[in-house]
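One chain, chain A, links the two complexes that follow: it is found with chain B in the first and with chain C in the second.
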Partner chain A sequence: MAEPRVIVVGAGPAGVRAAQTLVKAGIRPFVVDEGRRAGGQIYRRQGEGFTRGYDELYGTEADRARDIHETFEALAPSIDYRPDTLVWNVAEGRAWLSSAGETEAVPYSALIVCSGATDRIVPVSGWNLAGTYSLGGAQVALKAQACAIGHEVVFLGTGPLLYLVAAQYAKAGARVAAVLDTSPFSARIAAFPQLAAQPDLLWTGLTLTLALKRAGIPVLSGVTPVAIEGDPETGVQAIRIRTAGGSERRFACDAVAMGWHLRPETQLADLARCTFAFDEGTRQWLPVTDADGRSTTPGVYLAGDGARVLGARCAEVTGELAARAALADLGHPGDADRRRTLLAAKADYATFARGLARAFPWPHALAAAVADETMVCRCEAVTAGVLRDSVSAKGAVEANRAKAFSRVGMGRCQGRYCGAAAAEIIAAARGEPVVQAGRLRSQAPVKPLPVGTARSGR
Partner chain B sequence: MSGRFRRLAETDRPPVSITVDGKEIEALQGDSLMVAMLASGSALRDSEFGDGRRAGFCLMGACQDCWVWTTDGDRLRACSTVVSQGLAISTHQPEASWPNLA
Partner chain C sequence: MSSPVKSDVAIIGGGLMGSSAAFFLRRRGLSVTLLETDKIGRQASGTNFGNVRRQGRPIFQLPLANRAIAVWRQAHELLGSDVEYLQSGHMRVAFRDRPENIGKMEDYAKVAREEGLELELLTGNALRARFPWLGPDVAAGSLSAMDGHANPRLAAPAFARAAARLGAQVCEDTRIVSAGKVGSDFELMTEDGRAFRAGAVLVTAGAWAGKITAWFDEPVDLVARAPTMSVTEPVPYAIKPAIGVMTPEEVESVYFRQVARGNIVIGGSTRAQSYPDEYRAYVLPQNTMTQFEQIRRLAPALARLNVIRVWSGIEGYTPDELPVMGASPLVPGLFYAFGFSGGGFQLGPGVGETMAELIATGTTDIPLAPYLLSRFAAAGPRAASLHDGSRNPLGEVPLSLSKETRGG
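Showing the complex of A and B:
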C-alpha cells in the first residue's frame, strides 16, 4: 500500500470530524456509512424533495447540523465515500462491507468506529403492539419524513430526548397526549450542579419542558408504566401508568414513543476483540479506551456515542480526538495544544453526561421487576417469565446462556432492544448485581444480510 | 382507511403509486416505504410469533421489525427503502411462521 488505509465507520458528527481531521493530514480515508446521506441520526437529513429549513429541522442545533453537512460535502473529492453500506464484521485487520447484495473485505491500518447509539428500552406490557416506537424512531419520522407516528402520541421514558422529541412534535402540529417521565423530579434538582457544566443545554431542556406545559400537555414525573393497551390487529389504543402519588391514570392514544436514554452500538468493537468494562454510572458494558479513543486492540479507535454516550456535540470532539490518535500512531506529528483543548471539552461533556444519568436515571428496578407475562423480546415474543425460567429452572448464570435457553437476544434486533432489561432481569432472578449477568457477545453479521450476498469482484 | 402515521408537512411532493397486498395506494416522492405504507394503512406485516400485526419500531435500521416483501419474494427493510413508482409489496411473508403463544 502506498499510504496507510484508514477506515472511518459512520458519517454522523464523530465520523465527519474524524474524516475531516484525516483529510487535513493528507490521508484519503474510506468513509463507510449505513445512511444514504451523511449526518448520522442526530443530524439526519430529510428525503430528497423536502423543503423545510435547518431551523425548523434542527432547532437550537441548526448551525451545528449545517456545519456537519457542509463539512462533509466539502470532503467529497478527498475521501472514498461508501454510503448505504453496512460494516458487518471486523476480523483479522479487515472490515467487511456489504452494499446492494455484494460484500468485500477491506484491510485497514487504522479503523475509527463511530457507530452511534440506539434507544435503551424498558419493556412495558403491550410494547409489541403496532404503534409503539422508539423515541429516536419517533424523531426520525418527523425529521426525515415530516410525519408523526400517530394521531395522538404519548411519550414515555426518561432523558433529554423525551422532552426534545415531544416538544418537536407539539411544535410541528402533532397532538401530544402526555409526556410521562419515570424519573422523579427530585433527581433533576440533585443533578443541577453537574448539569450546569453545559449551561446552554440545561437552558434548552428547561425551555422545552416549559413549552410543553404551556401548550397544556400533561407532563408527569416519577411515573410507573403499567401497560400499553390495544388490539393485536389494530394496535395501540391507550397507556396506563401509576403516578408518583400512587393513583392510576389512563391516556388514550394511538401511538407510544418510548426510550430511556441511549445505548452505544458496540458490536464492531466487540468483533474487533476490544476489552469491555462495566460502567457503574450507566449500568452498561462499554469498550475500554484511553482518553483519546484508542481501544485495547491496536489500530482500532472508538468515538462518538458508539463508544460512550456523551451526546452529539461531544461526538464532534471525540471524532477529532480519535483521528488525531490514529494519525499519531501512524507517525504523523501531533498538536499538543489542540489535544489539550479537545480533552478539556470532552471532560466537560462527560460531567454533563453524568449529570443527565443522575437527573434521568435508568430505572433498573423497574426493568428487573417486569411482570412474567410481559414480553422482553419483542422480536420473538418471549416473555420475562420464560427468561426467568432459563435462570431458575435451567440454571443459566449469565446473559449468553440465558439467551441460548430463552432466545432473548437472539432475534432480529440481536439484543439491541431487550439486552439492557434482560441483564437486569437475569441478575435480579439470581439475586446478584447486574454486572454478574455479563453482556451479550456480538455476532457477525451485526445485522441480517440477504442470503444471496455475493463476494464483490472489486 | 386512514393511516397510522400523520403527515404534518411537505405534502406537495409529486405522487407515486405503489401496490400493497394487491391494492393500489398513493405515496409521495421521497417517502420511505414505511411512511408510504403507514400513511394509508395501519401495519407492515404479521409477527411470525403469533402476537399480531407489526408496524416497525426504530425507524433507523436497527430493530428489523419493518421487513416487508416484494411480490417477487425479495425482503425489504421498509424504514430504509425509498418508494418508487410501481413497487409491489406484500405484508405477508412468504416463509413459514412459528407461533410462540399458547
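Showing the complex of A and C:
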C-alpha cells in the first residue's frame, strides 16, 4: 500500500461526510456500502423508473438528502466504491467483504464504521403474524418501492419515527387506522426543554402529529399493547390495546408497523473487539468512543447512528469528526476550529437525543412483562416462557447463557431485533437490573453468508 | 477466611467430563464439589461439533465409547432434560484421491466388529442411492447406524444440574489458583481466598489441565486451539447421519450434521490458536472460507445455504492428541481426565461414569493403560508433528483414523 488505506463502511450521512473529509485531505478512501446506491436508510433512493421528486420522498429533509446524494456523486472519481457489498467480518486488521458470491479481505490502516441503526422492538402477542413490519421496514417499502405494507395500517411504538412514517403513509394515500404511542404524553412535556435544543426538529415533530390528528387519525399516547390479532393464513386482522385511561380498544387493520426508537448496528464494532458500556439513558450497550469517535480498538472509528443514535443530521457531524480523528492519527494536520464547531454541534444533538429518550422512553417494564406464550425471538421461535425457563430452571444468569440454553437470538438476525427485550425478560426473571443481563456477543457473519462464497480473484 | 468446604471428591473443571463425573459420583453416594472457573460447559465441551460417534476412534477407545453410548441413549430420562441426542447414524467418507482409505475402512470395520461396533461399507451406486447429495469426489462411506449426535450447549449443563439435584455442590465462577495436601486431604484455594478440601481430586480442566498437573509435578504440554464452527439457516430436515471426511490432512477434515430443527452444523478444517489465559477463542475468517471450500467438495448442494453464525471455543490437545485418563501415578487420591479435544464429546458420559467408578471403588473394567499420563514421560519431548499420522503409540490402528471427526 502506497498510502494508508482508510475503509469507510456505510454510505449514509455519516459515511458520505467521512468519505468527503478524507478526499479533501488527499486520501482515496475505500467506501463499502450494503446499499445499491448511497444515501443510507434515511436518504434511501427509489428504484429505477420511479419519478418522485425530493420533496415528495424526503419532505422536510429534501435539501439534506439532495446534498448527501450530490456530494457522494461528486466523490466518485476520488474513491474506491463498493456498493451492494457487506462487510461480514473484521479480523487481524482486515475487513472481509462479501458481494455477488465472492469474498475479499481488504487490509486497512483505519476503519470508519458508519453502520446505521435498526428499529428497537418490544414483542407483542401476535407480532409474528404476516403483516407485522418494523417502522423502518414500512418506511423502506414506501421510499424505495412506493408501496405500502397494507391497505389499513396501524402504527405502534414510540419515538419520532412513529409519527414520521405514519404521516408519510397518510400523505402517500394509505389508510392509517391509528397511531399508538406507548409513551405517556406527560413524558413529552417533561422533555420539552431538552427537545428545544433543536427547535426546527421539535417543530417538525409537532407539525407531523398535528397533521395526523387533522386527518382524523386516532393518535393515542400512553397505550399498552395487548395483542395483534389474526391467523397464520391471512395474517394481521386487528390490534387490541389498553388506553392510558385503562379501557380496551380494538383497531381493525391488515398491517402493523412497530418500533420503539432505534438501536445502533454494532456487530462490526464488536467483531473489531471494541469495548462496550451500558448506557442508562437508553438502556442499551454502546461501543465506547471518545468525543471524536475513536473506539477502544486502535484504528477503528465509529460514527453516525451505528455508534449512538443521535439522528441523521448529527451523523453528518460525527462522520466528519471520525474522519478527522482518523486523519489526525495518520499524521495529517488538524483544524482545531472546525473540530470545536463540530463538537459543539454534536453536543446540541446529544442534548436533543437525551430529550427524545425521555419523551419517548423504551418501555422496559412492558418488555419485561411479555406474556409467556408470546414469541420473543422470531428467527428461532423462542417464546418468553421458554426464555424465562432458561433462567429459572436451567440457571442462565445472563443473555449469552440464555441464548445457549433457549436459542434466543441464535437465528438469522442474531438477536438484533429480540436482544433488547430478551435482556429485560432475563433481568426481570432474575430480579436484577438489566445491566446484569449483559449483551449478546456478536458473531460473524454480520448478515447470513452463503456457503458457496468463493475467494475473490481480485 | 471462612472454613473450607469439605467433600469426598473435588472436581476441577466443569466441562462435560467433570459434570458427568459429578453426576455419577453422586449416584454412588460420594459427596462432590464441582469447581468451574467460568460457566459449566462453556469452552470445548459446549462449542464442539456434537458428534456422538464411535467409529473412527482408535480401537482402544471403543470400550469407553460403548460405555458412553449407553448413557447417551438414556440421557433424557437420566438427566430429566433433553440434550437433543439423535441416534441417526454417523458416516465417514473417503475421497477418490485417497484410495488407500477404503482398505483402511475395511480393516477398521473388522476390528471394530469385535468390539461390538457394526459398520456398513458403501461404495458406488449403493452409496449414491442412499446419499445422493454426496460430491463426486466421494468414493466410499463407512456407516455406523447406531451412532448419532447431540447438542453440546445443553449436555454439560444438563449433567451439572442433575448432579446438583442429587446433592453435588456446583460452583461456577470459581477459579482454583493453588492446590496442596493438608494431612491426607487436598486443599484447593480459589482466586478470591475460598478453600475447598477433599479426600480425592479429579482434574477435568481441559486446556487448563497442564497448569494443574504441574502443581503436582506431573507437567504435560497442552496446545490450546480453536476449532472452526459454522451453522446454516434451518432447512427441512433431510440428512440423518452426521458426515465426516476420513483424511490425515487437517484442512480436508470437515464434517456436518443436520439438527432436527433443520440447521446444518458444519465443523472442521483448519483451526486457529486459542487463548486460555483470556478465556477467548476466535474464528479466523480465512478458516471459515477454507471450511466452506472443503464442505462444498463433500456435499456441493450445501453451497446454496447461508451460514448464519460461526463460533469457536478453547480446546486442549496433548502431544499425541489423545486423552489422559486415570489415577496419578505420583499422588494418591489424584485423578485425571483431560485432553479429549477432537473426539471427547461422545466419550464424555463414559468418562464421567468410569472415573466415578475408579474413584469410588479403586478399579474399573475399562482398560486404562493407553490413557496414562506417563506415556509422555517415556516418549520424551514433543517428537511428532500434530498431523503426522505415522506416529502411533498404541499399535493397532493408524492414528490418522481418529482424525476425521475432530470436535466430536
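Definition applied: the second predicted complex is superposed on the first by the 458 of 458 C-alpha atoms of A that agree within 3 Å, B and C clash if a C-alpha of one lies under 4 Å from a C-alpha of the other, contacts with A are read in each partner's own complex, and residues count from 1 in each chain.
Note that contacts are C-beta pairs under 8 Å (C-beta built on N, C-alpha and C of every residue); 3 or more make two chains touch, one makes a residue touch a chain.
This one's a predicted model, so the numbers in the text were calculated from it and none came from an experiment.
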More chain A residues in contact [chain B versus chain C]: B
Which superposed partner A:394 touches (first chain B, second chain C, both, neither): second
Which superposed partner A:443 touches (first chain B, second chain C, both, neither): second
Touched partner set for A:132, first chain B, second chain C, both or neither: first
Partner chain in contact with A:412 - chain B first, chain C second, else both or neither: both
Which of chain B and chain C A:247 touches, first, second, both or neither: neither
Residues of chain A contacting chain B in one complex and chain C in the other: 412, 448, 450
Chain B residues within the chain A interface of the complex: 4-11, 13-14, 29-32, 35, 39, 42-43, 47, 49-65, 67, 75, 79-80, 82, 100-101
Chain A residues within the chain C interface of the complex: 88-89, 91-92, 94, 96, 103, 105, 394-395, 397, 401, 404-405, 410-412, 414, 443-445, 448-453, 455
List of chain C residues in touch with chain A within their complex: 39, 42, 46, 81, 153-154, 157, 161, 230, 232-233, 266, 282-286, 288-289, 292, 295-296, 302-311
In the complex, chain A residues that touch chain B: 34, 36, 41, 46-52, 118-119, 128-134, 136-138, 140-142, 144-151, 172-174, 231-235, 254-255, 265, 375, 378-382, 412-413, 416-417, 447-448, 450
